[in-house]
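Dropping the structure in here first, questions after.
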Amino acid sequence: MKGRIFSVVGGMFLLTVCSKGDGTVQAAPPAAQPVVPTADVSAAGGTITGKIKFTGTAPRNPAIDMSEEAACKAKYTTTPTEENVVAGPANALSNVFVYVSAGVPAGQTFTAPATAVVLDQSGCRYHPHVFGVMVGQNIEIKNSDPLLHNIKAIAKKNRPFNVSQPNANMTKTVTFAAPEVMVNLECNVHGWMHAYVGVRPDPFFAVSGPDGSFSIKGLPPGTYTIEAWHEKFGTQTATVTIAGTETKTANITFAAH
Amino acid sequence: MRWWLPDAGSTFAGPIDALFLAILIITGIALVVVEVGLVTFVIKYRARPGRKAFYTHGSTRAEVIWTAIPAVTMVALGLISNHYWVLIKDKKSIPPNAYHVGVHGKQFEWQVTYPGPDGKLGTSDDFTVRNQLHVTVNEPVAVELSSEDVIHSLFVPEFRLKQDAVPGMHIIAWFQATKTGEFEIGCAELCGMGHYKMRARVFVHTPDDYKAWVAQQAAGGSE
Amino acid sequence: MTTVAHTPTEAHHAPMSFWRKYIFSTDHKIIGIQFLFVSLFFLLVGGLLAMQIRWQLGFPGKPLPGGGILPESMVSGGVILPEYYIQLVTMHGTFMVFFAIMPLLVGVYANFLIPLKIGTHDMAFPRINMWSFWLALLAGLIMLAGFFVPDGAPRAGWTMYAPLSARPDLSGATISQKLWSISIVVLGLSSVMGSVNYITTIINHRAPGMHWFRMPLSVWALFITAILAVLALPVLQGAAIMLLFDQTIGTHFFDPGAGGQPLLWQHLFWFFGHPEVYILILPAMGMVSDIIANGSRKPIFGYHSMVFAIIGIAFLGWIVWGHHMFMSGMNPTLGSTFMVSTLLIAVPSAIKVFNWMGTMWRGNLRFHVPMLNAIGFVSMFTIGGLSGIFMAATPVDIPLHDTQFIVAHLHYVLFGGSLFALFAAIPYWYPKMFGRMMSERIGKLHFFLTFIFYNMTFFPMHIIGMGGQMRRIYDPTIYDFLKPQQPLNVFISYSAFALFAVQFLFLFNFLWSLKRGKKAPQNPWEDNGMEWSLPNPAPHGNWDKTPNVYRGPYEFSAPEAGDKDYLPQYLKLPTDRDPVPAPLPAGGH
Amino acid sequence: MQTTTMTDAMRPPVPAEPGAGVYSNKLGMWVFLASDVMFFTALIGSYIVLRFGMGSAWARPGAVLNVPLTGLNTFLLICSSVSMVKAYAAIADGKKYFLRKVPGKTLQDGGLKFWLLVTIICGAGFVGVQVVEYIKLVGHGFTPTGYREGSLLAEHALADPVKYGAGVAGMYGSTFFTMTGFHGFHVTCGVISMLYLYFTKVLPEKYSPQDYRGIEVIGLYWHFVDLVWIILFTIVYLI
């Protein structure tokens, strides 16, 4: 009887259009963190390298139930987890943002590299999870998932923004105008998605890799304070004096609570 | 193609759908009377040479008739509607044995808090699951709605369930699912750019399945 | 205290400069025409926004044709972004309600018709009237500016529900949300100024013999509308000011974090908003009544009950606002009360519909374009009124609330109702405005095509709403329960594009006839209204000497009229006696 | 009665049906006041809903606001209403006057000039006191968003949260400044309008016992504003 009531309307109904048709996105599970292209500095100058470790046992990263987003879930063979504490062998700690917090002569200015940092949203996670940019450097936000992500920047010194990318392969370029460690990026549609970006006025920063190592290059001679930031373990500092083009090592150890 | 209300999935669907049909019939009759009347008049009383309109200022009897009929119909409709309205939305109508779950709206997700094994909300064994409302079939469920930021509206079409979640307010909506399966939840109040993406699901389980699901959740998640 | 000498009116002023005559004019007719052009512009803007909404709903994820010209903050690769989509729905609603339909009905026709129809020379306060127009234009421009500021237009829906509207961190729009509030405050001021004028003019400036119950129903409707506006708009102004303070200086009227109440905004908004709904339909009803009587060549059926129905609708309109809030968490007992009062509104509405039919019954129908559109109004308004009953019955409202069903309902009332009435009114009083006739042929074509495409656009929305498609969602296809009805969305979108395209016929007809239309005879529709005693277009100041009124406005086919089938209000028959003007009120008491 | 030459705007310039029985300017003002009633109803209604919807009580009367000062201000505004009545009476029936007789001038003119000036001064005084009150309140730390951190009131509120309504100070400030602010705006508009009339109509002696509509219309407005203040003073300061 329902059909009968509306058969008149059914008669009017002439046009149908198939509006579906996104191919499934293939992208392999993101295994390795893409190396963040650090700022372009001259080879001259000193280098600070080191390893980031932590003591104690790392907290378990919560599993993410992606069943509501089949397209994301399909990109993983095992249950994906959040990336709060990504530990490597021998308690190496990755995703630590290391930067020179003091020692760079005031008044010295650096130009931002022309290359953009790519922030990819794939499998309902951010890649990279932690990264640094220079003030004014382009960040190209890319959506590799065929579904809506919004990118909300929670910043204090920079103008907050909230943009969305409903389709696959949409890109959006943003920049930050003021130094800020860290600007939090989050997706409100997928509450587990977080990324952190350190915005610096100089190119002297790095993010620790899977083995916990980092390297800051091109420092002129001087005494520097370096600060390491981790989303769960807080910050640690170290002081390093550079003379000439030497390479100094500064290992930093966090304590897992 | 769907030409009617969504399939019935809760005890509310019966009376609401019946009332919908009743109103459709009443308004359908009124619509036919008006539209057929208009078409008839347009054809029958079209201007022709030598005709003159009938000079009248109206008829009190006609006015009384078409005042009284709609008035009586509307009052009757109001009384019947109110009966079901009270049964569905009144605070006193929430069954005392209802199973309480908390639903917290947030830009742009629903956080569903379950009472855990002890069956009580607000205790330490509560656990929260994102975008999934698991309930037992044929058991009244009271949804304690709250909101983090803006107004959201919990909408389950199959259950004929809709209730705004207002920040700063604690609102209870209840329903009783009548069939097992998976249904969709939408947000029916504009809540920002991700409004359309506040999609969540209701899973209606048999009592045993539900117990098993709770046990699994209490054991530490959905791995 | 006998008669007062007729003071010279402004009819014989020296010729004025273009600026005084057409821009900073205090002539009620020019102000009406200014409103007409401005609000037709905003109607077009609103329509353009609607087309983008329909594109997105019909073809989610596909690049909008011509979308490349939009900035990257609105589209990405031509695809409408969700944040732009909610700007579209917000601004479509805002423009259509506040800057298109409301000024078209009230700004244009209250200004243009009231003095002409009650037989006076101008409004009571011509200069305030001019200000009312300029403030309305200013408000419109402030609103339009929202598109051009960083973050784009407001994003909280035309109802601006707090706290989404109050907090930029939640809505994502910072400046334009404030512009919305400011614009509404300015618009409210404009509306109050206009309405004070209309009310005063109608009460105090009716020509001798224009008794209350000799006023045309259009004037009655505009009078009651003005009363609604003068009492409702300040409430919105107050609410908008509080919202503005929440947005700017950090108060928390509507933010629960500091004790504010989100529902307070809804109560205030709808306490204004429901009378507003009648502001948007009563003038349409009034003008349609005039046109149907004219087209039927018969007195309006049940004139007095029509007047009382208008008053009844207006009165009930104040006590039904809660029916917008059945699902809001408001006390359900209040819901019961609001349901009953809402259902009762069906009664005066039914009286009006049946009286229009009674007017056509045994008439001698002339199908000129205004009459066709007026009949279209009656049949479409009926659907809109009846579909309202579904949502008035609270239990049925549960599945239908905030779905496309309500979108269908409100468009049947506002497009099928108000806009059809305007398609009737614009050509009907066009000769009085511009001295020329609009093309009947194009007008008829426009009516039939609009009628068809309009129904093809909005009727299926009922079905989509029954299926559960929520309002203001960007992409229905992500829901499994909505996917099956997506073909219907596509169908609606095609119909909407056609409907929009057809409106250019009207626009063309309107503009072309300004210069090329047939010269209008003095009384082209053989109507009874006072305005037709004047030449077309009517001169500044209207009558040299205040006219007398001898009878009611609907004496079509009266026996006294002889071989004619109309008997104008201004025509003095040998049996008529001149009315005695009232003594003037003293300078003080 | 002797024919008087009426100005163009003085009466409905044309014969008309019996309307409201008053001239249009007065009717227009009545309609506008009805509209303004709704405006204040929205503000006051919101205040009541918000205040009594709060979990905890408002600051006690007098704890934050200077009631004696505002009481004096209220008295000033009531006086201005009285003087407005005097001004109206002076021009309307020509019986009441205040100033001494000036040769060649009617008594009424002098009465109007004097009493309207009193009204303007009282009105301006009211606004002035309100401005001073605002400055003092803000100085103490009472702002539209609550007690400013580190201010005197914030300290008081810490010491005695009940008396100072510590938890609800934000809403207290919001409603207080919104309502009194918009009332003050109305008074200011009234004072400016009266000044305008004073210099364009009253001093040039354009009014007569036959035509004093401007005075009557502004008088209506003024009494309305006064009435609103008495309501506001009661519900904001005293309760």
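Brief remarks follow.
Chains here go by letter, A, B, C and D, matching the order in which they are written, and residues are numbered from 1 within each.
Going forward, a residue touches a chain if its C-beta (ideal position, glycine included) is under 8 Å from a C-beta of that chain, and two chains touch if they have at least 3 such contacts.
It should be emphasised that the depicted structure is a prediction, and the values quoted were computed from it without experimental measurement.
The chains other than chain C, kept in their positions, cluster through touching into A, B | D. If you average the Cα atoms of chain A and of chain C, the two centres end up 52 Å apart. Chain geometry summary: the mean Cα position of chain B and that of chain D are 49 Å apart. Once the centre of each chain is set as its mean CA position, chain C and chain D turn out to be 35 Å apart.
Rounded to a whole number, the gap between the C-alpha centres of chain B and chain C is 31 angstrom. With touch defined as above, chain D holds no residue shared between interfaces to two or more other chains.
Residues of chain A in contact with at least two other chains: 6, 9, 147-148, 150, 162, 164.
Shared interface positions of chain C, i.e. residues touching 2 or more other chains, are given as 81-83, 172, 260-261, 463, 474-475, 478, 487-488. Here the chains touching each other pair up as A-B, A-C, B-C, C-D. Residues 1, 3-4, 6-7, 9, 120-121, 124-125, 192, 195-197, 199-201, 203-211, 230-235, 237-239, 241-242, 245, 249-253, 258-261, 264, 267-268, 271, 546, 579, 581-582, 584-585, 587-589 of chain C are the ones touching chain D in the complex.
The part of chain A that touches chain C in the complex is made up of residues 6, 9, 12-17, 19-20, 22, 147-148, 150, 160, 162-167, 170-172. Put simply, chain B touches chain C in their complex at residues 1-6, 12, 15-16, 19-20, 23-24, 26-27, 30-31, 34-35, 37-38, 41-42, 45-48, 51-59, 62-63, 66-67, 69-71, 74-75, 77-78, 81-82, 84-86, 88-91, 107, 145, 149-151, 153, 155, 157-158, 160-164, 166-169, 171, 183-184, 186-197, 199.
Touching chain A in their complex are the following residues of chain B: 3-4, 24, 106-109, 129-132, 192-194, 196-197, 199-201, 221-223. Note for the complex: chain C touches chain B at residues 81-83, 85-86, 89, 155-157, 161, 163-164, 167, 170-172, 256-257, 260-263, 296-305, 327-329, 332-333, 335-336, 339-340, 343-344, 346-347, 350-351, 353-355, 357-358, 360-367, 375, 378-379, 382-383, 386-387, 389-390, 393-396, 398-399, 401-403, 463, 466-468, 470-476, 478-481, 484-485, 487-488, 554, 556-559, 565.
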